[in-house]
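Scrolling down, you'll hit the structures one after another.
Same chain, two partners: chain A is paired with chain B first, then with chain C.
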Partner chain A sequence: MTPSDLQALLPHIVVAATAVAVMLVISFYRNQTVSAVLTVAGLFAAAACLPFVWSAEADAVPPLFRVDPFGCFHIGLLLTASVAVTVFSHSYLEKYRMERGEFYILLLLSVLGALVLTVADHFISFFLGLELLSVSLYVMVAYIFTKKRAVEAGVKYLFLAAATSAFLLFGMALIYAELGTMAFPEIAAELGGGDGLRSPYLLAGTVLVVAGAGFKLSVVPFHMWTPDIYQGAPAPVTAFLATVSKACVVVVLLRFLAAFDSDAVPGLYLALTVVACASMLTGNLLALLQDNIKRILAYSSIAHFGYLLVAFVAGGPAGAMAATFYLVTYFAATLVAFGVVAYLSPSDREADTVADYRGLFWSRPGPAALLSLALFSLVGLPLTGGFMGKFFLVGAGAEARLWTLLLVLAVSSAISIYYYLRVVVAMYSSIEDTPQTRELSEPFAATPPYGNTVGAVQALLALGLLVLGLYPQPVLAMIQSVTRTF
Partner chain B sequence: MLELLWLIPALPFAGFLVLVLAGNLPRAAAAVVGCASVGLSMLVALGICIQFVNSPPPGDAFTQSIWNWFETAGLSAGVAFHLDALSMVMVMVITGVGFLIHLYSTEYMEDDPGFQRFFAYLNLFVGAMLVLVLADNLVLLLLGWEGVGLCSYLLIGFWYRDSANGRAARKAFVVTRVGDTALLLGLFLLFAELGTLHIQDLLGRASEQWEPGSGVALAAALLLLGGAVGKSAQLPLQTWLPDAMAGPTPVSALIHAATMVTAGVYLIARTNALFELAPAAMLTVAIVGAVTLLAAGFAALVQSDIKRVLAYSTISQLGYMFLALGVGAWSAALFHFMTHALFKALLFLAAGALILSLHHEQNLFRMGGLRKKLPVIFWTFLIGSISLAALPLIGSGFYSKEKILWDVWISPHGGPALWAAGMAGAAITALYTFRMVFLAFFGELRTDVSHRPRGRVAFVLIVLAVLSTIGGGVELPHTFGHVTFFSDFVGTAIETQVALPPGLDAVLWALLAMASLLVVLGTLAAWYLYVKAPGIPERLASSPAGSALHRLWFSGWGFDRVYEALIVIPFRTAARINRRDAIDFIYLATAGLTRALHVVLSETQTGRLRWYALVLTTGTLALILIAFIR
Partner chain C sequence: MSAAPYWPFLVYTAMVFILVAGMVIVSSLLGTRHRQRVTGEAYESGMPPTGSARLRLSIKFFLIAILFVIFDLELVFIFAWAISIHELGWPGFWGMLVFVFILAAALVYEWRMGSLDWTERAIERRLGERREAMAKRWKEAEEA
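Let's turn to the complex of A and B:
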């Protein structure tokens, strides 16, 4: 390792060091606020390292990592989202009487896993990063172990993730057996001969790797776990699951698939197309009459990553650009949405049924307005970031002439309007003063007024959502510059 | 200073946002926010105007690009403002008159429970109207156009607890939508043919690519005219304006007299190059104007509600502007727009003060003799009436109306027939205007006065009275005075003017004298009929022919009934018959199908881990198979 290698990996080192620091602090002094503040400080410090990484002479740490501007952009995105998740977790865990400091160690470790994935350029770093991310997540999902649902979710996640990890490993082994290498650049070089995938083993291996990644992205047919785990996990962890743990897989998959040309491997791209169409339709149809907001968001995330796969199938710089921009807008909207859910949840249960949100605007206009904005963005309404995100996806798809995918995207987006607006309508409908509704709105009366850090973070995210929709040019230019290499 | 252009529309929008988002403000605070936003906007506009006149920017126009949303396939959706003499005149009138009306409203609306909402709507309106006149592309113009339509709807129905007001608001909205649809089609046509909606580029390309008199130019101009006719309440879409008087009187003054209803005039003036390519469309504009000014004038003669008289007179005066536009007298139309904004706002505001003083009495026949009781209202109303009637030399209306009549006479697009319509209209105008004055302020006292206008109302009335008297001084006929400041200024934006052929001085003097004589005769007739011998109108109205005519005119030529019978009732019947049709079935079936699919798919979410693992594994196998099939 040379000094410039260390410089390139500075954010990872800082996050790892923060995890150690939090652990040490907990052994001497237990206070969840201290742990949370330390975590946020560590994440900020890691983000502050990004300029040095950018200016590092070698952008690759061969053979495992490739710390290029594309990776740096995503490191920044993941760190920002992690800060938001930390803030939400702090206010959420305040409501529980249990040991809370360890949560932040787990959070930092899974962030570290995600960061490793964003710069992974090799099967080894891919797998290590993924496992680091997942193992911490199993515990985070089941962290509130007094709740049966949470433990159930954690166990389900563990079993299914372990199974898909096996798929992933098997796929990697098949590819290694055929090509004799596990580094992405060398795989690309081996495949560059132009005769497509030489053997059935290679093709099967590639599909298995995609399946391993697809499980994390919760696309059909690897989606079954999503609603149960989203619903059972604490809301901030769900936010983490929905954003950070997916984006890093998107990044590594983009890097991996860049080696596979759609003309050379039509079978792989057909499989991806099928997965994308099935995800868009299934996700939106499952959400249609759902009454639980966390499940709605789970199903909608299935659909959203179906949309995102359109960019994968399109490929090239336009595809990578569209995927990255979509991730940014999806991040902001999802974090706001889960942030509101986390914030409104009382200690005995999650505020996650649509009935909980009936008339919310009239009792708590702030959270209601933020949640509406987030949902509008997820619908893809103009003037929000979600619209621009979808706009570029459709643009990339149209450039690659993927008419079937675009048709399915349009139809399923139309379906999605119904269930998002159902929540919005519920929030703005007036409350009849019946004992039942009074009981429902009672937990919200106990939540603190909306002026704290959580509110500020959510307001900032919501502002970002508006800026992305109204004036996307700066972010767009940045993303275009980092995705040029694809 | 010019760089501050964006502030002019931004300030009222900011005021609107504050009023909407700040929760319940004290009345004083709401009034300050509402007035200050428009007042500051007026000051900025004034500063820009002074600089614009003293040292005109290159090309006599200034463009400021604010924000570019996105640009794709040649359609650039952005916000950019274009300031030239035309928009400058509009901006000055909108902010100036707008501010005065805001100030007036702080007293007029002081007891209203919806005080803050009122100012929020008014600010939104001013902002949208400014966007309309400053827009440099037609998309943005349309945004402002629809924005003012929305505010008009909200403000007509401001007292929404009375369902009649809601009906009037809906009528205004729907009838103007008919015109808006034509406008929208016009925009589609222009974009399809010329590939841009940027106004200056579009006009340039139109002049290059289209032959004068070509069919496509005619179609585009007529579609734009459709929009203008709806917004400016010209025949055949004029029916909404009299009903729009259901709104509070400051709204009638601001939106339905001074500013929004002139958006159609602005649109035609803005796209004048397009209309000059289509002489037939120009002629249509002139005929629409001439017919409207006469029809509305007759209707105004018999109304009993003072606000309806003023509403019909607004339609009629807008008719004059259309007449001027139709003969290519662009600066005359704008000049009349400016003076009309001043004196009509004055008349409405004075009428509003009058109505408020009389326990919300709007019927002219229950007023009378108020000359001594309400001197401020009487004098200011009289000054406004003199301008409206165009009594020689005194009011500003005289100068602008004479300019129109002249230009109609000498313009190659005009002619004696159009001119005669304008002349007849002038006499009718004088008649109905002074009928109003004599009925309300002369004769015997019929009502008691509950309260008198105080500081702000009186101040605004006096300021407007002064302005509408001296406002005509910016343009004096060349036969006396010869001031051409206004037309020179407007000429920097619209080059083609009605040229004055030499050696017509004697004719022009004669025209001037004839017009003045007609106006004076009209005024005297009003005095004779409503002061000297008040029995005559009643006797006329009770004769069989007279009463039929009275009914016809009173209902505004019965347009409402015709539309009811020809459009509303057949449409409703068709809608009722067609309630469950095949198209509904398509939607219901789609919804049913999605629901059914949802139910089926939900069955797969069992919550059982072994089932999940099975789906995962078979799914992966299926994907591998799919990959191998290709």
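Let's turn to the complex of A and C:
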């Protein structure tokens, strides 16, 4: 560890130190707002370190980490999302009579895990980051332990993540047995000269590692857990699961798959193509059957990561650029959507059925407008970030001549319009029809007015969505400069 | 591509299945199945057992056991550092200092949460304090 190594890992160190600080503060002074403010301050401080890290050398801290501009960009993205999740959690947990400070320690630790993954360049750091992320998430998912569904979701996530870790570890072991190295650059070097996945060990190992990452990204056929856990987890945690815990796996997978040349290993890319098509179709078709908005968003996230795999298959700088830009737009839209759900949820249940949202626009225009903007972006309507995201995905796919994938993408996007707009239609329909519908919108009477921090954060995210849709050039230029190395 | 280097792997896989199947099958074949008056009783050096086996242990034992396991595991890392202290030099020392500081912070947290209280009275007092503090916070929140 040289001083320059420490400099390169400054954001990680700051987040870790904040977790310990929050723990010490809770020991002597319990106050949810103090814990939350300290958390946000820590996350901002970590983000403030980024300029120093950006200037660090590209190969900082080998062999475990590779702190390059690409990693730095994602660190910034994850920290921003974590700030939003912290703000949502604060207003969400206010409704519960329980010890709430520990939630922020867990949040910071899982953010740390995610940050480790974004710069991981070695199987060891890959695995450590993933475990740090998952172990804190088990508890966060089940944090409202008075709710049966939350505990159920927590246990399910525990089993699932344990199985995932087993897959990953066995895959890593097989690759190590064949190549004798766990560092991504060395794996790339070993594979570069040879004839692709030349041995059964290597093939099995790669498939197991990709399957393990697939579980975390919840792409078909590793998606079974997603709806249940999204539904059961507290809404801010669901937002975290859908954004931060997936994006970091995308980053590590991009780094890992950069070692595999698509000409040398056609089988792997065929498998990714099949998984992408299956995710897009399954996610969008099953979402049609749901009446629960959290489940709808769960299936929609399955489909979105199917779209994202198109960029993986396309590969190269264009693919990495499209994937990164898509992640940014997906982050903003998903955070707004789950933020609205978290904000509207009363303390006894989650406001998650489509019926809950009937006529929302007439009683609470602010949240309804933000949620519709987020859903429009998830559909990919023009003027929103989602449209630009899909545009670049299609561009990357067309450049690589992936016509089958693009056809499936177009068809499944068309299907997805129905279930997103169903929620939107519900929000703008009239509530004067029956006394029953009036009763349904009653829980929202108890929620505080929308002029607080949560509203401000959501408005900023929504503004970001519009900016990404109307004037994406600055973000795009930045992403292009950080993905040049792929 | 020759299959020669892979036979140990296949043998290993086969052995895993044989071992697991063997453990189930052999024990079911060799296991005795008699059921008599005292078969189900605990055998404690020939002494007739007294009382029920379902003792109620205080949750404290569990808590202390967990805390012991946690800190005991951390000790493993300190041992690993101790045997390579010369190779690691000062950077290793500072790293270990940070590690021990985090452990100490966790210990402070446990102490303040009351995990280390042993007597009923101390536990009651601390729980009472926390309940009062929480009630006070809620009252303030409702007034605000």
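We take it that the second predicted complex is superposed on the first by the 481 of 486 C-alpha atoms of A that agree within 3 Å, B and C clash if a C-alpha of one lies under 4 Å from a C-alpha of the other, contacts with A are read in each partner's own complex, and residues count from 1 in each chain.
As a convention for this text, a residue touches a chain if its C-beta (ideal position, glycine included) is under 8 Å from a C-beta of that chain, and two chains touch if they have at least 3 such contacts.
In this text the structure is predicted, and so the values were computed from the model without any measurement.
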| said: Going by the contact rule set out at the top, does A:R97 touch chain B (first), chain C (second), both, or neither? | reply: second
| message | Contacts for A:P367 in the overlay, against chain B (first) and chain C (second): which applies, first, second, both or neither? | response | neither
| message | On the A-aligned overlay, A:G319 touches which partner chain: chain B = first, chain C = second, or both, or neither? | response | neither
| said: Taking the superposition on A as described, I'd like to know which of chain B and chain C A:S199 touches: first, second, both or neither. | reply: second
| Hey, is it chain B or chain C that touches more of chain A? | B
| request: Check whether A:G385 is in contact with chain B, with chain C, with both or with neither, and answer first, second, both or neither. | output: neither
| said: Tell me the contact category for A:M224 with respect to chain B and chain C: first, second, both or neither. | reply: first
| task | Give one of first, second, both or neither to describe whether A:G232 is in contact with chain B, with chain C, with both, or with none. | result | neither
| said: Which partner chains sit in contact with A:V20 here, chain B, chain C, both or neither? Use first/second/both/neither. | reply: second
| said: Identify the residues of chain A that lie in both the chain B contact region and the chain C contact region. | reply: 200
| remark: Interface with chain B, chain A side, in the complex: residues 155-156, 159-160, 163-164, 167, 200, 203-204, 206-208, 210-211, 215, 220-222, 224-225, 227-228, 266-268, 270-271, 274-275, 282, 285-286, 288-289, 388, 391, 395, 415, 418, 470-473
| field | Contacting residues of chain A [partner chain C, same complex] | value | 1, 20, 23-24, 26-28, 30-31, 94, 97, 99, 198-201
| Considering the complex alone, what residue numbers of chain B touch chain A? | 67-70, 72, 594-595, 597-599, 601-602, 604-605, 607, 609, 611-613, 615-620, 622-624, 626-630
| note | Residue set of chain C touching chain A in the complex reads 1, 6, 9, 91, 95, 101-102, 105-106, 108-109, 111-113, 133-134, 137-138, 141
